[in-house]
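Common to both upcoming complexes is chain A, partnered first by chain B, then by chain C.
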Partner chain A sequence: MAIIINNLTHIYNKKTDIETSALNNISLKLKDHFFTAIIGKTGSGKTTFLQHLNGLLIPNDGEVILDDFKITSNYKKSKKNILEIRKKVGYLFQFSENQLFENTVLDDVMFAPLNFKIEKEEAKKLAIEALKLVNLNETLYEKSPLNLSGGEKRRAALAGILALKPKYLLLDEPTSGLDVTGKNDLIKLLKKLYESGVSILLVTHDMDLVLNCCNDVILMDKGKVIDFNDVYSVFKRDDLENYGIVRPKIFEFCKDFEKFIDINKVKNIDDFIMELKKNGK
Partner chain B sequence: MGNEFVFGNYTPYNTIIHKIDCRLKLFFLVILMVAVFFSYGTFVTTLIIDGILLVLISIIMFISKIKFITILKSLKFIWITFLFIFLINIFLPNKNYITIAFDIYGYNIYWESILQSFRILLRLIMMILLTVILTSTTKSTDLSFALEWYMYPLKLIKFPVSDFAMIISLVLRCIPLILNETTRIKKAQESRGANFTTGNIFKRIITFTSIIVPLLLSAISRSLDMADAMTIRGFIPSKKRTRYHIYKFSLADLFSFIFVSGCCCFLFYLAYMQFDLLEVLFNFTSTITVLR
Partner chain C sequence: MKLIELKNVSLIYNKKDVVLNNISFSINEGEIISIIGENGSGKSTLGKLITKLIEPTKGELFFKNKSYSISNEEIRKNFGMIFQNPDNQFIGNTVEDDVAFGLENRCINPKDMPKIIDEKLNLVDMINYKKYQPNLLSGGQKQRVAIASNIALNLSLLIFDEATSMLDPKGELEVSNIIEKLKKADNKMTLIIITHNMEEVLLTNRVLVLKDQKISYDGKPDDLFKNEELLKTLNINPPFKYELVTKLKKAGFAVDFNDSLKSIKDKIWQ
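Coming up: the complex of A and B.
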């Protein structure tokens, strides 16, 4: 089972004077278990693409097939499938901390399981599991989510998504606004989730995060997929700057050592040192 | 990318309506709204004049390149309010209503009440269209200037005119932002399984708190940020500020003023005289026939 996208097209404000074509006939297939990043300039259609995978947007043309469920331009036919898809696909919005609203952190994390008609006791169990997974201190469970710090709020929001144990996780700019510790914690968590079998697709401008975590990259521009390949192949493209992408510094640095090390194994500075040591340099 | 269109966003086209002076446009809005809400003698006369006004508004919309479908799409949130107003007016008792259309469990529904409800809805829609024309063709800074200009006499009684105009301008600018934010939060909660379209009314109200609470918090936080951003750029309330643009009336403004004021004066005259337009037209055609 995988995610298949066929001829996906999306036009905002169709047949109005501010019609904007956001996605232009996109077709691709994501393998069974993936950790993929979508990169590109602002306005290239990354978030629009991501929102189609959760049924938050309905395509104007084409289809999205997620496991056995299909979303087409026919909303009435797709409606049932969308609810099923939302059970499987978690979506973390950019600045997701702004969506917290319940009286306590625990209640907020229980919001999604209760919406999917899971019994209250079971929902509480799932919520506590998710909160533990994101490493949120137990003393905060009964506190108002509004009193948490920025990083804690982001983790609480992520717990709200993970409480449903999604098979696929979609993240829109997950590291924006986080400090170094918050970012490192999130990277660790994402890696852990990926290893536990969750497939992750994220939209980001943070190329260090892409190099550090992802296996594949979808490069987008003007609503089209320019390239869909492994991280190293995409970062080696000569025209990358034309798409507003600046390679991670560690990647540029490694290029000078290409003769001595296997660049495809370097994801961060630790990997780089390890590769050098391995090759006796 | 490409946020959904939100009601009242300024769209920068190069049309004559866009070029009309903002002070005049605000004046036109007020007198056209008065014309829309006037009662013109008999019911039929009022309906005919409402029709004429709707045609006039449609022409203005066509010239200013505002598509009717764009507005209809952005009004999808308030259809339920329209329906509510329509039903309330149908069921509102009135001693003057005499022609029964049908009855619901012994409660009489009159043709007059149905027509009256349609008339009220038509007027509300025209009012919204006029506002959309103004906000779609006028920048919020220009609108703020126009408000300040009209409130100038209030400065004599030390009313903080420029501050008030700035508040109005900021409110107008925030409406599309808040609608965008609402869509964003709604999507975020939908992705967590919240359902805003099905279920009983109480359940839906509870679900809507998942939008309202974050929306209020975000609006407050945004307004505080905006206040800080204005302060650090040197904004001091009540302090006199210079203007980047100099506003001058042009010849096109004069013509538009004559046209719109002429139309409105004619309509106000009709309202004052309480004509029966059908009778006037009938007398007019009879006179022509006699003369022939």
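Coming up: the complex of A and C.
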């Protein structure tokens, strides 16, 4: 059981003057349990790729295998099919605060379970469980989502997805626009979710987030996968700048210490100092 | 000379939601200033107040010592803003059309336009993309065109409202490089950079920190980032070098905030 992509191709506005090839014959297999980042320039196809993994987009060619589901160009977007996939694969949009629409935070988080015909009491239980998981204060449950801070809104949106207990979580630029507290809280939560068994695939420009949280990286350019490897191997590539990537500052800094410390263990400044100390500095 | 002054300015929504509470400060001509603060602290609101996209509930704003209102044409002519989303501010069909749009609105003689357009596109390193359509540009390139369109208008003040937050890391660097260039330009344009990115704060000479609807810090970025206690109180993560030096010092390394990254490395090797 895994996520397998075979020869995935996607073309926007096919057979029109503005036809654009967004994904070009992509094949890869994700690990059974993954915390993976997709990186690359704006317009490299990252979000288009992500949206194929929960049926938001259907391939023009090739296939997406999600455990026992197979999405191909012939895939019929019937309500039953889509619901089954959405239950398994949660999707947090970029600026997900825009996907909050109910009158209260609790109602918003209950929306998805109710949509899956779960009884109201059970839906409420699931929603409260999810709100606790994302660490949203109980005093906010009856407030309008519009009154929450940026970080709180993003966690409320995430709670709406987690209420369905998805196996896979897809996140599009989850830290974009968040302040220090919002970002730190989100990172803690994502690590906790991963440790609890949820697999996470995120699109991001935030290279500190990639170094800090992820195990693997998919590097994309012009609709193709350039590299799919562990974080350190990708960040060590000489040609990263060609793909719009600037390495995290701590990675760049400790490269010169590579022969002295194990830089594969360095995810932040604290790790770097720990490695220095370990090696007698 | 003071370019902008805010005296006892408050903004309150629905008579109860206080966004900014009795804020007073001034910005001199040619100053490069950053505004930081948590989500919802009122940073962007402050930018909109200064450019008079919204009116304060209380208090008064002054432009070159004269009180100004939302309908003041002089403000519209002198103030520009670079917004967060690069796609939301591209108006022309091509890069040069986009820069020409503002000039046409200012009734600039069409004969003078090509020279101004080339000069400004040169400044933002976009001259080779003059004939390009927006869909062929990256986010960073679009923001650079937006900067060229603004500076072509001979503004007194340009505000960057989280202008790099939607860009890829390379785009972020490109915009930062242009800000560095604008700092060195002769026209002494005042720049306000509203941001979450602490590395961008280092491009400025002065930083305002908004917290609890007020200005909690107004001073040099260097003084702020060296002050661990203050950073903790204000909930700010310092830029990389400051965090590195603070932590290395605690671990017993003889490094200093004035050291370059290279000399920090050398000192670690010693």
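As a convention for this text, the second predicted complex is superposed on the first by the 275 of 281 C-alpha atoms of A that agree within 3 Å, B and C clash if a C-alpha of one lies under 4 Å from a C-alpha of the other, contacts with A are read in each partner's own complex, and residues count from 1 in each chain.
One rule holds for everything that comes next: a residue touches a chain if its C-beta (ideal position, glycine included) is under 8 Å from a C-beta of that chain, and two chains touch if they have at least 3 such contacts.
In this text, all values refer to a predicted model and were calculated from it rather than measured experimentally.
Looking at the shared chain after the overlay, A:Leu201 reaches neither chain B nor chain C. In the superposed model, A:Arg86 lies in contact with chain B only, and not with chain C. In the overlay built on the shared chain, the residue A:Ser176 is in contact with chain C alone; chain B does not reach it. Of the two partner chains, chain C is the only one touched by A:Ile273; chain B is not.
Residue contacts after overlaying the shared chain place A:Gly43 against chain B and chain C alike.
Once the two complexes are laid over each other on the shared chain, residue contacts for A:Gly160 go to chain B alone; chain C is not touched.
Judged by the touch definition given at the top, the superposed model places A:Asp256 against chain C, while chain B stays out of reach.
Using the contact criterion defined above for the overlaid structures, shared-chain residue A:Val246 touches chain C, although it does not reach chain B.
Look at A:Gly151: by the touch rule set out above, it reaches chain C but stays clear of chain B. Annotation: chain A residues 42-43 touch chain B in one complex and chain C in the other.
Interface residues of chain A facing chain B in the complex, by the touch rule stated above, are 12-13, 15-18, 20, 22, 42-45, 47-48, 51, 54, 56, 83, 86-87, 89-91, 93, 96, 98-101, 111-112, 115-116, 146, 160-161, 164.
Within the complex, the chain C residues that touch chain A are 37-40, 84, 138-140, 162, 165-173, 196, 235-237, 240, 243-244, 247-248, 251, 253, 261, 265, 268. Partner chain A is touched in their complex by these residues of chain B: 1-5, 11, 65-67, 69-70, 73, 184-185, 187-195, 209-210, 213-214, 217-218.
For chain A in complex with chain C, the residues that touch the partner chain are 40-43, 149-151, 176-182, 205, 207, 241, 244-246, 249-250, 253, 256-257, 269-270, 273, 276-277, 281.
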